[in-house]
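Each of the two complexes below includes chain A, the first together with chain B, the second together with chain C.
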Partner chain A sequence: MSGTAFLEAVIDGILTGGVYALMAAGLTLIFGVMDIINIAQGIMVILGAYLSLWLSVDLGIGLLPGLLITVPLMFCLGVAIEFCFMRRLRDQDRAQMSILVTYAVAIVIEGILTAIVGDNYQQLSASYVNSSVHMFGFYLPDIYLIGFGLAIALLAGLYYMLYRTKFGRAVRASLQNRTAADLIGIDVNRVRTVSVGIGVAVTAVGGMLFGATNSFNPGTGYDLISRLLAIVILGGIGSIAGAMGAAVFILVINDVVAAWWSPTWAPIVYFAALVAVLSFRPQGLFGRVAVRAQ
Partner chain B sequence: MSSGDNQSAAASSGAGPSGPGGRGAGTAHAGQPASRRSPVQLAVGGVILLIFLGFPVVITDPTTNSIAFFALVFMVASAAWNMFSGYTGYLALGHAVFFGSGGYALALLCAHLNVGGGWPSFALLPLCGIVAALIAIPIGLIALRTRRHTFVVVTIAIFFIFQLVAYNVGFTGGTSGLFLPLPPFAGNNNKPFYYVALVILLLTVAVSWLVRRSRFGLQLLSIRDDEDRALGLGVKTRRLKLSAFVLSAFFVGMIGGLYFDFIGQVFPNTAYDPLFDLSIALMAFFGGLGTLAGPLLGALVLESLQQYLTLSFSSNGTYLIAYGVLFLLVILIMPRGVVPAVTDLVKRRRLKAMVAHPEAEQQLAGVAG
Partner chain C sequence: MRVLQRVNLSYALLAAAALMAAVVLAVADNSSAASAHTTAKAASLSPITIGVSLSLSGDFSADGQAYQKGYELWASDQNKAGGLLGHPIKLDILSDASSTSQVVTNYEKLIGSDKDQLVFAPFSTLLTVPAARVAARYGYAMVGGSDGGPTVFSAGLKNVFDVSIPVKNNLVTFAQWVASLPKAKRPKTAAYVTVDDPFTQPQIPLAQAILKKAGVKTVLDKVFPEEATDYSAIANEVATAKPDVVILGSVDVPTVSAFTHVFIQQHYNPKAFIATSGPDQGQQFVNAVGSGNENGIFVPNGWYPGFKKADSEKMVKEYVAKYGGTASGVNADVAEAYSVGQVLTQAVKATGGFNQPKIIKYLKSNVTLNSVQGPVKFNKLGENLAQKTLTFQWQHGTLKQVIPTGTAGSVAPEYPKPAWK
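Moving on, here comes the complex of A and B:
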């Protein structure tokens, strides 16, 4: 394997890693604040992709402007799901029940999508999806650069919101200790609802970028959620910077193995890496605590 | 003495109402020893068994029989999953590994030992279970180092490794899969498969019941309720978790072999199916996690429903919607599953009747009501 090919795989991995980091950031936010694994995150990304598809094909709204519509829509979906289902789970069995509730939500979304569009694979198209730019001796597809830029900007925004605003402080307080946050006057329920809304809203952007770089159908969500979970766990629960690092780590491994060995073995290598890392560091690569106090 | 022993008192008396906010809410509802089972309960059990035995004799329609067979398969799988996940509280979402490996094991054994379809292949089913159990040992050793969310994710990751390996290695036939020998039974005769599944189901339920009322089962429940305290009290948690995991894999592997024997072929995407992982968990939750009857009821209702809906609405997604909505409704109305909710209801009724009956206790009833 030549040096350039290796470098190209690494660059590819970093660029797509940014998009995965964004999707995983939503998952890790919900995970951290609610102690809930949102199995539906994968299918929500696909839903976001379909929303972008319908806006661009049926209404002629471009992919990027379309985000102004899809992001609020997905935010409302997240709020509705939190309000209807997640809120009703009791604290003791939240971890287990959440997996099943969100899985049921995922099944319903998958069923609706299948009923509307069937199993055919689709891909988003726009002028910047197929063009590329010559940079550092490589041809980089525009959409990868746009996606990476957008993802980084949103991650930075998310980071700013969490660490520099009053709302972010409330989120982190609820994440650390629900009872104490309640006692000092934080409306924990509201914080949770908004957090889930934000966590789901990022899938609109993630879905648009995923749909423009991959072909998808309603069943793609399963493959996606396994990767996202791997990223979140590897990065450490609730850590956005961790999700970023883990996403790049996993996708660089994926792309390098794909280029150097074969694309079919690439996922095996990173799942094996995941299992190996977690066997020795159950808290993930960047996490501080393994599990919350039981 | 220990929390485990307290649990045992509550569980074996069979009367302890679950305390408010008790983590082991399902504990008190299952595994009542035989001495506490009334003749009525035994009679009901006998009638249910007779219905299962007589079903394919009375209803001879092969389509209905195949639905019944699938329901039995999932009852076994869900009950076996419950034996580990329900009792220990460790949510394993990778049991399709054992299901699919059972299928591949049977296909390979039949091909290499020149075994025909039908009864000779059924004789190999225990071997499929053993293969699955052997696979479960290293998986358990690795995955059980972690807990809670991380455990869930590790089991999912291992599941995907198996699926990808099955796609890419030679002996599984890759994407084209493997074929199992055709059964010699006359066309559309599902009865032998049905009865073999029923035998495996009875075996699974018996073992699940024995585990539940044994010291082993109590130790598993103590892990679910508070693993660190159980460890501190001298429960050998690691060994126990692994034993339960392997035991559960054995039954899933065995029924996996039978399932793919019925289907006739094994593909990577049907053998290692993420929907299977989640379905059996869903079924156990639907009925009541950690109870004996819960997974059986959940699998019976949900699998029959799913098969029926798939047949009625083909594959346009309607069955997925119905399935998901039904499950969400059950979770909202009965968050602990159907069996615990109904048991609670019956108990409350009985308590009310008991209190209301003697006139002297009318005041008490007033307080309670």
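Moving on, here comes the complex of A and C:
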């Protein structure tokens, strides 16, 4: 493997990692805040892609301006899902039951999407989807550069919200001790609802980027969920920075192994790396304790 | 108590949601017998039910839905013509979500529980092998249109038939055409990348051997996993190697689309680009790669919408009338499914009933049957050796037959491939 090919694989892994970080950010936030394993994350990514598609094809609204509409819409969806389903789960078996509940949510969303749009593959288009810039001897696709920039900006915003605002303190207080948070006047239900809303809203951005870089139909979301869960676990449950770091780590390993050895071995190697990291740091790169205490 | 009530409420909501999902999926995904039953005109006798498991969701969903339309169209036509021996045809379609385990469950249900009198094969070589084993246990013939991978015919099954061309030969005509180009024009390098799938992998070695013999050097030869969600790494590798010819073993639109977008981003335009499946998906493929970028891309197949044959032209017209769109958007899967129905119709008529051993014996009797794709004549393994592989190319927004050159219906291939849009 030449040095150029190695560098190209690393760059590709980093840029693609940004897109995956955006898709995983909502998952880690909801997991960290509520102990909810959101199996519906994959289909929510696809829903985000479809919302962008409808806005661009039917209303002529570009993919990036369209986020001003899709993000609030997905926020409302997250709030509705939390209110209707997640809030009603008992604390003691919340994580286990959430798998069933969110799976049901995923099937409902997939069914509705299938009924509306069918199973035909679609892909988002815009002038920057196929264009690229030539830097340091490499063609860097504009859509991935945009995705990486959006990932940095949004994840930094989420980080700031969680660790530097009053709302973020309320979120973390609710996580540490719900009863104590209640006693000091925090409206725990509201905090959780808003957190899920934000988690799902961020997914709208990940969905737009996924739809611009891959063909999708309502069934595509299932292929994503294993990789997204691997990112969340490796990064540390609830850690926004961890999601970014783990996404880049996994995608760089994937791309380098694919180029150097074989694409067939790439997922095996990154899952082996995941196991190796968790053997030494069971809490992931940024563990939950650290996440909640920052 | 209120807590318990809330919990109960949440589970009631969940149950309602799951029920709703089941209903929605049933409507969208599982064209049950009721929707698929065509209006019978023959109908004085009791209906005959034909069971089939189709990939209406999952990786093969685009093909599965096209197959469903092909079967429905055939059943509708056949019912208008008097059904099967006077019995109106009912289709009993189940969705297998492209899953090798679900397809087994479905055929157990279709044959063992529903007692369907005939079955069609599911979509793909991958799903047909486990499905055919179930059918073989019950002694049923399994005729399909997309089960031409060698693993089907090497599985020791005596009941399986594929009305289309055996897949291992799919790329041969293309490779022979490349090899026949004058030396100055002939590509010098080729990349072979394929998904890990029994449909695609057997196609590569024959094409590679022909091109190697013609002096075309292999610069990349890789297999990538079927479960891949991101193709940029392998597609970038191809673009970096800059081969003159790219031979992509693909089973669906997203794979070809992902490679196409990466090639465009990397300012790499091969002289020839062929994909084993995906470009045959009509408008879906064009939408995915972006209108204009489909031009120049080749795909091997046995049929295309402009195929000059009376029953094929009639089927295309009926398809457009029933499902809308344009003739060029009609997927080759539709013709494959329709052909399956035609072949089974001829077998039932010739044997005078629905006796499975008789049908199997008849299909293996060296008889030449008719289909919209052309003649069908099975060898002892169940392969159809009566048809020649054709290669098609997107030219100016239309899929055209180009290889073998000089044969009826072929236009000149565009080489080198035009620039991306």
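Just a few scattered comments:
Here, the second predicted complex is superposed on the first by the 279 of 294 C-alpha atoms of A that agree within 3 Å, B and C clash if a C-alpha of one lies under 4 Å from a C-alpha of the other, contacts with A are read in each partner's own complex, and residues count from 1 in each chain.
The rule is simple: a contact is a pair of C-beta atoms (placed from the backbone, for glycine too) under 8 Å apart; a residue touches a chain by one contact, two chains touch by 3 or more.
Here the structure is a predicted model, which means the values were calculated and not measured.
Look at chain A after the overlay: chain B and chain C clash there. Of the two partner chains placed by the overlay, only chain B lies in contact with A:V275; chain C stays clear of it. By the touch criterion defined above, A:C76 reaches neither chain B nor chain C. By the touch criterion defined above, A:L68 reaches neither chain B nor chain C.
Judged by the touch definition given at the top, the superposed model places A:A156 against neither chain B nor chain C. Contact with both chain B and chain C is seen for A:V101 once the two complexes are overlaid on the shared chain. Of the two partner chains, chain C is the only one that A:L224 touches; chain B does not reach it. In the superposition on chain A, A:L89 makes contact with both chain B and chain C. Shared-chain residue A:I233: touches chain B; no touch with chain C.
After overlaying the two complexes on the shared chain, residue contacts for A:P267 are found with chain B and with chain C alike.
Within chain A, the residues touched by chain B in the first complex and by chain C in the second are 85, 88-90, 100-101, 104-105, 107-108, 110-112, 114-115, 118-119, 218, 222, 264, 267. Only residues 4-5, 8-9, 12-13, 16, 84-85, 88-90, 100-101, 104-105, 107-108, 110-112, 114-115, 118-123, 125, 129-132, 139, 141, 143, 213-220, 222-224, 227, 251, 254-255, 258-259, 262-264, 266-267 of chain A touch chain C when the two sit together in their complex.
Interface of chain C with chain A (complex): residues 6-7, 9-10, 13-14, 17-18, 20-21, 23-25, 27-29, 56-59, 61-62, 64-65, 97, 196, 222-225, 227-230, 232-234, 236-237, 240, 252-254, 257-258, 261-262, 264-267, 281, 284, 287-290, 420. Interface residues of chain B, counted against chain A in their complex, comprise 21, 23, 25, 89, 91, 93, 142, 145-150, 152-154, 156-158, 160-161, 164-165, 167-168, 226-228, 274, 278, 281-282, 285, 289, 315-325, 327-328, 331-332, 335. Contact residues on chain A toward chain B in their complex (touch as defined above): 31, 37, 39, 85, 88-90, 92-93, 95-97, 99-101, 103-108, 110-116, 118-119, 218, 222, 226, 229-230, 233, 237, 264-265, 267-268, 271-272, 274-275, 278-279, 282, 284, 290-291, 294.
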